[in-house]
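If you scroll down you'll find the structure; I have some questions about it.
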Amino acid sequence: MRSLGAGWSRLVERHPVPVFTAPSVVAVALLMAFPVAYTLYMSVHSWFASSLTSPQFVGLGNFRRAFVEDDRFRNALWLTVYFTGLATALQLVLGVSLALVLNRPFRGKGIVRSIFLLPMVATPVAIALVWMMMYNPTLGVMNYLVGLVGLGPYKWVSNASAVVPALALVDTWEWTPLITLITLAGLATLPIEPYESALIDGASSAQMFWRITLPLLRPTIIVALLFRAIDCLKTFDIIYVMTQGGPGFASETLNVYTFQVGLFYFHIGYASSLLVILFALVLGVSLLLIKVRRGAW
Amino acid sequence: MISVSTGQRDRVNPWTYVLLVALLIPFLFPLGWMFLSSLKTQVQNTAFPPVWVFVPTLSNYREVFQKNPFFTFTLNSLVVAVGSTGLALCLGLPGAYAIARFKRTGIALGILTARMAPGIGYLIPWFILFTKAKMIDTYTALILTHLIVALPLVLWVMIGFFEDVPGDLIESARIDGCTHWAAFLRVAIPLAKPGIVATGILAFIFSWNNFLFSLIVAGFKTRTLPIAVYSFLSYEEINWGGLTAAATVITLPVLLLALIVQKHIVRGLTLGALKG
Amino acid sequence: MRMIHRMGIVAMALALALASPALAQPQFNWQQAKGSQLRVLLNKHPWQAAIEPHLKEFEALTGIKLVAEVYPEDQFRAKVLVELTANASSIDVFMSMPAQEGLKYMRAGWLQPVDEFLKSPALTAPDYRWNDFLEKTRDAMVIEGKIVGPPIQVENTSLMYRKDVFQKYNVKVPTTLDELEAAAKALNGKAMTDDGQPGFGIVARGKRAAATSQFAAYLHAMGSTWLAPNREPMFNNEDGVKALELYGRLLRQYGPPGSENNHWYEASSIFSQGKAAMYTDANSLFPVVEDAQKSKVVGKVGYALFPRGPKGQYGSTVAAWGLAMPKTSQNQKAAWLFMQWATAKEQVLAVQSEKGVLGARESVWKDPKGMAKVPADLRESLTVGSKVGTPLWNPPVVAVAECRDAIGAAIVVSIQGGDVKAASNKAAADVKRIMAETEKK
């Protein structure tokens, strides 16, 4: 018994990394193995779900169909990029600005931070339903509020050209606080010396911001952007609950389209290929952002 | 406006508070509206212009609790959230420590891909798997599926916290003859406790809010709270009062939790980004 | 002496009277599947809400244990699909609309038809009477010649209108599509809410696939239909395009803004708040409209047959919810007993008289108790509509959901004022392609 225990300890001592990381890696691998294998297998097959017919091998046929023949796919791809770009840009600008504004002395920082947390932790499904209520063109309170300042009424998510911005607004409401909090933390760790020297050199606030603050904050902001971009590309809950991809197909991002194709149209093979494409997109954007963060400025 | 002066106590500009209030209102409004609507009748909720002053009623809450086994939902959500969080911490903490200490970011990136995969892709395969293993409608199945979100989260955030732990403290422990495991357990963990708390709470919140997986993997006995909210969109109508009451009931626990431990959560969220 | 004699006669008469019902009927063995357990999946629906309190009666009668799971519609459909696709389902009975998924499920080998159960005297009580169900509802439950299950609820696309508003402005209740448009135009913008605010002439669904089922009424009233006898799409012919233009025009010019995102939830809400003079949708929504706690137009609503087209065609559609049995069920006998019990006259009468669920049995419609909760004009328009209407509220294809989305897209274009003819042709081309892909035999 002791030799076994001793053997194990030696193993841990010599190879701590594999032993320590094994539980996580194995767990993730186990959970993902079958789904990944299933999805990859199905993506090169065509299967209209049925107990009587089996999947038929089609090679890259699904992928060719998506990119060459399926305009609803291309629409979904564009909308995914549009939504993600718009939402992340808004959150970035708003979030960083808010952080700069909040980075001044006042009492009750804790309370403010708490309030900022709330949109992020509230249950997305519940939030989506509340926003849907607020956006209702005839009965909703949003039109009432914008009416008070003489704007609107708008159709919000009921209008094909307004729906993506309206959805991006909801996502922005929910996640800007994350960017703000991250930026605030980053601001708190900024070194003092560059600013002192800049002041001595007679730099203005604006110059200090653009030349010192922003470059120093960039790595931090990029990581925040990375997480948000991954999540936005995959956004499902709010879009599905609020518009199901409508009006028409004006808000049907890739994730929503895939859900329809798989779970409502029963095209399991095609849906699987769409999932592979979506994953490739997310991976691609992530790698790009990671490279940007590590790259020279 | 970067405050350059150090150590000195600046005079707080009163206008700051005005600005703060102005900024915070948009973020609070939808939550406040949700709560207000839960106290109105259906007729009041569908009135336009919206009703601001009204006699509140608790009938929606009564309806929510009477018509739905909310206690069961809450219990299910609780069991699954605590289970997946606990499991994620047990599995993820050692891994995060090793990655931080030995700088193996490759593995971290590998785990991140789990986060990148679209959730829908898991639905049918997991359903097939769990059905064959006769695990549908069990807590175990749900806890395992929530792990796919919790584990990468634990890893990424805790890597940052473990990197914060001063290397020399670990070194001196090692010099004193501690094994890796002992150093981890007796030095790193206690020092990273705030981070562990933050991470645990975050994992709990994300599990609590999870909708997609519970939709398919949960059966009738293990239904979680987000499903309950969605069920207010029924054949009869959109019951706005009932819906917002259910939404309030569901978000209230996480909101309170977040408020109580906000300092830890903020550190957790931001550190994950700073060190990542 | 004489009193005892008389009492004796009375006693005998009484005994005979009590005994005769038992004597009159042959016994049907409700307990033949005693001890089994059924897993029943129900959609959150007025019928489900009405039958749930009675479920323990079934358990007592048959000795079968019932586990009923209820989910809201979207989740319900996804769950049934995932379970059937994984080929590992333990579902015994589920609520189904054959016109929505029946053909697909049948061709995928997922359904157990019930013809044999229905024909067997050992398995079906003699007083069940299949022919008591309204004709078109029976038709709606037949897929490729086989009966999927019994119908539990029937509804038509009908015209719901504000009697008070029509009276106030002296407008005739429309019986034709032209009159419908004229009435919408005349009443649009007129004061019609409780506090004298103006409202819309008409409200209806516009949300892509959801609108398709209601648009079906307009399509058929105009004289067109989904597919020609040779199964080529024909809804983009001249009449079909006219119907599409009408639908879009009505909502664009006389309906609420954002109609293209309205499901029945929103549309019925607008109507119940008194903000529209007319509403074309399923008449099974009447409990929503007549809910004293939530609606402002209780008692003011008239229910009329859907207007006829220029050539006199009826537009009324007949949609039926029913019960279906998966082929993988291990308790088929017990499952059939449940399906039978749930749609027996007694239960149909109960759900109809208690909650106003629109059942499918003619005898129940003739029973005064069955009529109690349903407004008289609704009852009339329903029984007529279920006789003259068409069960084709969906195109009769395998890939219904996909085709509904394709057609729904054209409806949205029409509401938004785009090129209707082009959109209609595109939808027809899409439907043709979808059918080719999914209906290879």
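Going in written order, the chains are labelled A, B and C, and every chain counts its residues from 1.
One rule holds for everything that comes next: a contact is a pair of C-beta atoms (placed from the backbone, for glycine too) under 8 Å apart; a residue touches a chain by one contact, two chains touch by 3 or more.
Being a predicted model, the structure only gives us computed values, none of them experimental.
Note on connectivity: the fewest steps through touching chains from subunit A to subunit C is 1. The greater number of contacting C-beta pairs, out of the two interfaces B-C and A-B, is seen for A-B. Mean C-alpha position of subunit B lies 41 Å from that of subunit C.
Distance between subunit A and subunit B, defined via averaged C-alpha coordinates, is recorded as 15 Å.
Listed for subunit C are residues 78, 82, 85, 266, 269, 273, each touching two or more other chains.
Shown for subunit A are the residues in touch with two or more other chains, namely 138-139, 263, 268.
In subunit B, the residues touching two or more other chains are 46-47, 123-124, 128, 230, 232-233. Taken in their complex, subunit A has these residues touching subunit B: 9, 12-13, 16-17, 19-25, 27-28, 31-32, 34-36, 38-39, 98, 100-107, 110, 112-119, 121-127, 129-131, 133-134, 138-141, 144, 173, 176-178, 181-182, 184-187, 189-190, 192, 195-196, 199, 205, 208-209, 213, 220, 223-224, 226-227, 230, 234, 236-237, 241, 255, 258-259, 262-263, 268, 271-272, 275, 278-279, 282-283, 286, 290.
Considering their complex, residues 1-4, 6, 9-10, 12-13, 16-17, 19-20, 23-24, 26-28, 30-31, 33-34, 37, 45-50, 90-92, 94-95, 97-99, 101-102, 104, 107, 109-126, 128-129, 144-145, 147-148, 151-152, 155, 179-181, 184, 205, 208-209, 211-212, 225-226, 229-230, 232-233, 240, 243-244, 246-248, 250-251, 254-255, 257-259, 262-263, 265-267, 269-271, 273-274, 276 of subunit B touch subunit A.
Taken together, the subunit C residues at the contact with subunit A in this complex read 77-78, 81-82, 84-85, 87, 104, 107-110, 206-208, 256-262, 266, 269-270, 273, 275, 327, 399, 401-402, 405, 408-409, 412-413, 416, 437-438.
Taken in their complex, subunit B has these residues touching subunit C: 41-43, 46-47, 123-124, 127-128, 131-132, 215-216, 219-220, 227, 230-239. Contacts from subunit C toward subunit B in the complex involve residues 43-46, 67, 69, 71-75, 78-79, 82-83, 85-86, 88, 265-266, 268-269, 272-273, 287-288, 291, 293-294, 296.
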